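One chain, chain A, links the two complexes that follow: it is found with chain B in the first and with chain C in the second.
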Partner chain A sequence: MAKTVSPGVLALRKVVDDVYADARKAKAEGKLVGWSSSKFPCELAEAFDLNVMYPENQAAGIAAQRDGEIMCQAAEDLGFDNDICGYARISLAYAAGKRAARKFDPETLEFIIDPNSGKPLKDENGKVVIDPATGKPKKDPKTQVPYTVLDDIHEIEALPETTEKEIAYKNFRREAIKPYKQMRIPQPDFVLCCNNICNCMTKWYENIARMCNIPLIMIDIPYNNTVEVADTNVAYVRAQFDKAIHQLEELTGKKFDEKKFEAACANANRTAKDWLKVCDYLQYKPAPYSGFDLFNHMADVVTARGKVAAAEAFEQLEKDLEETIKKGESTTPFPEQYRVMFEGIPCWPKLPNLFKPLKANGVNVTAVVYAPAFGFVYNNIDEMARAYYKAPNSVCIEQGVAWREGICKDNKVDGVLVHYNRSCKPWSGYMAEMQRRFTKDLGIPCAGFDGDQADPRNFNEAQYETRVQGLVEAMDANKAKEGNK
Partner chain B sequence: MSIELLLNDFKAVAEHPHRQADAYKAQGKKIIGVLPYYAPEELVYAAGMVPMGIWGSNNKNISRAKEYCATFYCTIAQLALEMLLDGTLDVLDGLITPTICDTLRPMSQNFRVAMEGKLPCIFLAHPQNRRPAFGLQFTVDQYMHVKSELEKISGAPITDEALRDAIKVYNKSRAARRKFSKLASEHCDVISAVSRSAVYRASWFMLKDEYTEKLEQLNAELEKLPAANWTGKKIVTSGIICDNPKLMQILDDNQIAIAADDVANESRPCLVDAAETGDPMMALAQQFADQDYDVLLYDEHSSENRRADFIVKMVKESGAQGLVLFMQQFCDPEEMEYPYLKKALNAAGIPHIKLGVDQQMRDFGQASTALEGFADVL
Partner chain C sequence: MSIYTLGIDIGSTASKCVMLADGKEIVAKSLISVGAGTSGPQRAIDEVLESAGKKREEMAFVLATGYGRNSLMNYADKQMSELSCHAKGAHFLFPEVHTVIDIGGQDVKVLQIEDGIMTNFAMNDKCAAGTGRFLDVMARVLEVDVKDLGRLGSMSTKYVGISSTCTVFAESEVISQLSMGTDKCDIINGIHKSVAGRVAGLAHRIGVRDQVVMTGGVAQNQGVVKALQDELGHEIHTSPLTQYNGALGAALFAFDKVNK
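Up next is the complex of A and B:
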């Protein structure tokens, strides 16, 4: 049976699809399109009606579409080390013009199907059809796809187009670039960088600016060592907002529109509140949905939090969840036996592999750090500066622990699964100490595993499964202890 | 003092910083550990304390630090933590923890947590938008915090006068190191790569006035010598750190001299001086703002390739025939800037090699083969 998708989830998907489609349309109309880091103050760009794409969200999408490795490899061929963040590598390869494309025959202009791709063919009774020649399951031709190859838009554009054959070839090669939205984002005309999430962002965006010879607007948010953000730090960020506004005025030739800015702020606040409410539904036991779904909804918070459509879509999802709760149902595709916090960004290329042992053991993710990290609300521009100072990786360990322990308690988790993400040094860098604190303060077990948010080569499935198993056993032991009290 | 004796002194300090620390302690001085990068050491000096650079270790193994960080972190930071945990750095009275890269950000927390109740850790965040007035102000604000924390440790206020004096001492020291770089190239028959590295490394463990005095003596002696009739090759070194004598020995064994460097624990911090007049705190902030062409620092002219152009110019002006990049493993900033450095070097026809290094390296066979091969193509 096909999984039913709630109206709220459909609305959230549409919001993100529209952001991408609008950017492609804007580019086609000769308007400026920018690329922005996920926690750059989008309210500023919204005030200028700018179309903005988000490389982190794009890279996650590319990785989830299984093209992370070919794009990472392409960046490595440009000289970027394989130790660099996978999102950055994917984005830099894309900025350089590299694309994952479908292999085709240049003579016939037909795609060349990868015989290993696709799902097993099933007969009318739902049984897998075995190929008598090989003794292996036959593939369903409808699900098979062409081989993936690397292409380069600059190479394509440099191709001759004098003869009909040349024109047809060139057009086909353009169309052979994979058709999903993240592989079709327009090249940037400017970049918006805020390094609150990581300092890698600084050099990543400088590289894009250099590759594309475009302006970079930089909002620097240094790391903070205290839970409070000092007034002097706020003043620094606030002054940078003013400078960024001035740069955007120069870039667009428009005056800063205060009303549009205020509307964007109001939307961002509304989205943040609604996002938090949706996240809070995970407090129910059993939870009405799998927390893994939040990773998908992150796309809306990142790409569209300043838009009213995002707030409305989250409000719709809230209504759906309310209904689910009333009916006593859950969209989690298994009975919830354990509740965990998933720490870190998921391994996008390996989502099914991440999910499998969780499902097998009845482990539902009921807390993710993104909930508090993106649920920020403010009342004025100084508070906005303060809010942007608190990104997932820009806060001190005490704040980081408080965020996490808060949702662990509220969402009643039994354990914590920690992703030591090879791509994210600032995130993974103090997790060992955090794990100790979770166990000490909350009495819950933690298990860590090695992975990567975008490069599938850094994930070890066997290790992951063992660690999940270990966590389940520790949660069992804890529950038994509780039961004996 | 002869060149040989002076070099032996520098080598002794470089190899045994602990002896140096013990001697300062015996004089009743307090010692402040200074982690990379760009901490305003002048404040420590002005407080009457001894700043000592902490750039990992070439001899220790990572063991206790594993309790805090995964394997994919720069060994300089991991070994700094290791030495804090294993007692090597018990001699310190305080520690300044800058946070300008993605490893140092969370590590600043690990240092603080691991040393809680044992050693005051002074947090330092530098701005990247460091040149506009608001950026300068932010640096001043951060340095004021460092100053007040240092004052708590020393027990006395740091006066503007003392700070101005410290700035003079540091300017003089940087000038001497800049001069030494040139002289070491001109007299590379006398100053081996091993010795050159020791001279720079020693600068992190000596009070700068003492260090400068010794270095000026060495410079004076070198100036007296006729220029070397060098038949070997010359290179520019680049990277975060290349102070392992075994690694430097490979250069010497292959008749490769260092014409100049773009290395974070050698010349990168010596490029810019601070104003000796006016408000000394603002002078230090301005000095940081004036730092440029560094993998760790934001470049406002992002769409240009200024850093790589600067390095190309350095190679040409120094008379080097090529560049060796000692790529510190897991160093994102250095790795991120490599493709454009490579592009500029290739465009200028300058041969280079990228040599992966870390402080846990014990076998230098591969490096030796690579450098030997590189010398042949120069």
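Up next is the complex of A and C:
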């Protein structure tokens, strides 16, 4: 039976689809399209009606589509180190023109199907059909896909078009590029970088700008060693906002539109408040949805928080969740027995593997740090500068721990599953200390596992399953101990 | 009439079984020096049943643990992680235990125990430095039997540091030392200290509290045990049953299941 998707979730998906579609349309019409880091002040770009794509969101999608490895490898072949962020490697390969494409026969212009792909073929009774020759399950041809190969758009565009055959071949090669939205985003005409999300951003975006020979607008937000953001820090960022506005005026040939900016700020604030309200529903026991769903909804917060459609979609989701609560239901596809905080970015190429032992053990993710980290509101541009100072990897450890312990308490978690994300040096580097503080301050078991947000080579399913099982056993022991008090 | 339970621990490098009577007495055990994905698990099971003169049907409950536990889904009644099983086994052998350090073929685990139950843990990830594999590699390049490492290390007269944390690069470092004529016993002692350093780092993440018990195959190497003891500043207890600890814990959990 197909899973029912709520109106709010459908609306949220459409918002993101529209952001991608609008950017492709803008490019086709000869308009400027930019690439931006996830926490660059989008309100500035909105004030100039600019279409913007988000490489982090794009890379997460490419990794989830299982093309993370081929793109990471392409970046490494270009000379980028395999120690740098997987999102950065995917994005740099993409900026260089590399694409994951479907393999085809150049003579017949037909795709070459990978015989090992696809799902098992089932008969009319739902039983798997076994191939008598091999003794293995037959594959359902309807689910099989072509081999994946690496292609290059610059090579494609340089192909000759002197004969009909050449034209047909060139067009087919363009179309063979995988058709999902993240593999079809337009090349950038400018880049917007704010390094509050991490320091890797700085060089990542400088490289894109150099590779594509395009303007870079940089907002530098240094790591903050204190919980409070000092006025001098705010002044530093505010001055850069003013400079960025001036750079955007030069880029677009338009004057900064204060009214559009104010509208974008109002939308962003509304989206942030709605986002926080949706996150708060995880406090219910059992939770009406899985925290893993929040990772998908993050796409709207990243790509469209300055748009009224994102706020409205979150408001619809709130209504859906209210109904779900009234009916005593949940969209989590298993009974919730344990509640955990999932710390870190998910392993996008291995989501089913992440989910399988959680589902098998009744473990629901009811807390993620993105909830407080993206829920910032402000009333004026100086407060906006202060708010943009608070990104997960640029706040001090005391702030980071306070956010996480806050949601662990509010969302009543039994344990913490910590992803040591090898792609992200800050987000794996401080994890051991964070884990130690969670254990000491919260008195709940924490299990860490190695993984990667985009590069599947850094995740081991067997090691992950053992750690989840160990965490469940420790949570059980803790519950029994609490029960005996 | 006795109730028999069977615990099977399929590790990466060895398969172990322990048969218990009434959750108290070890009536048989087996160990085959190959692990998951080999003939080891079946041979270990056959051997333990044969040595006890029992059949599978006479086992009230069979519980599998270890890296290869899921390969026994059709044979065992239940699978549990080796974390809890090691905690259970160590508590049976040492009722006052609060910290278990298990160094196996490829894994290192540190377990925090309260009233015999595991309440927290830490494990190594994707790096075999400090594990049995590390010692196997070193023993091979030193041309000694891995079983002799403890004895040879105790004959060291001079400290030789092995600074590489990577097994492969540490091997290169050992080869350099050998070419310079460094005494093998001194090198082995340095290797033991290197293992102790890495494992102590992991242990401190969980916290070390007496009694500290070491389990797993590497606990048979008294050189590593002593080096770890010096590094942690806590006495470390081991048992001759150290390598069977996971299987023992599995058999104990199996008995708990029968009694529920």
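Keep this in mind: the second predicted complex is superposed on the first by the 485 of 485 C-alpha atoms of A that agree within 3 Å, B and C clash if a C-alpha of one lies under 4 Å from a C-alpha of the other, contacts with A are read in each partner's own complex, and residues count from 1 in each chain.
In this text, a contact is a pair of C-beta atoms (placed from the backbone, for glycine too) under 8 Å apart; a residue touches a chain by one contact, two chains touch by 3 or more.
In this text, all values refer to a predicted model and were calculated from it rather than measured experimentally.
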Original post:
In the superposed arrangement, does A:Ala447 touch chain B (first), chain C (second), both or neither?
Top reply: second
**OP:** Name the chain, either chain B or chain C, that contacts more residues of chain A.
**Re:** B
Original post:
Once the shared chain is lined up, is A:Ala462 touching chain B (first), chain C (second), both, or neither of them?
Top reply: second
**OP:** Check the residue A:Lys481 against both partner chains and state whether it touches chain B (first), chain C (second), both, or neither.
**Re:** second
**OP:** Identify the partner contact of A:Leu109: answer first if only chain B is touched, second if only chain C is, both if each is, neither if none is.
**Re:** neither
Subject >> Which of chain B and chain C A:Tyr420 touches, first, second, both or neither >> reply: both
Original post:
Which of the two partners, first being chain B and second being chain C, lies in contact with A:Cys85: first, second, both, or neither?
Top reply: first
**OP:** Please work out whether A:Thr439 is in contact with chain B alone, chain C alone, both, or neither, and reply first, second, both or neither.
**Re:** second
Original post:
Does chain B (first) or chain C (second) touch A:Val377, or do both, or does neither?
Top reply: neither
Subject >> On chain A, the residue positions that both chain B and chain C contact, one per complex >> reply: 420, 432, 450
Subject >> Footprint of chain C on chain A - complex, ascending >> reply: 420, 432, 435-436, 439, 445-450, 458, 460, 462-463, 466-467, 469-470, 473-474, 477-478, 480-481
Original post:
Along chain C, where are the residues that touch chain A in the complex?
Top reply: 67, 80-84, 114-115, 117-123, 125-126, 205-206
**OP:** Over in the complex, which chain A residues touch chain B? Could you list them?
**Re:** 78-81, 83-85, 88, 195, 198-200, 202-207, 209-210, 212-216, 218-220, 222-225, 230, 232-233, 235-236, 239-240, 243, 393-394, 396-397, 420, 422, 425-433, 450
Subject >> Residues of chain B defined as touching chain A within the complex >> reply: 67-70, 72-73, 99-103, 105-110, 112-113, 123, 125-129, 132-135, 137-138, 141, 295, 298-300, 302-305, 327, 329-330, 332-333, 335-340, 342
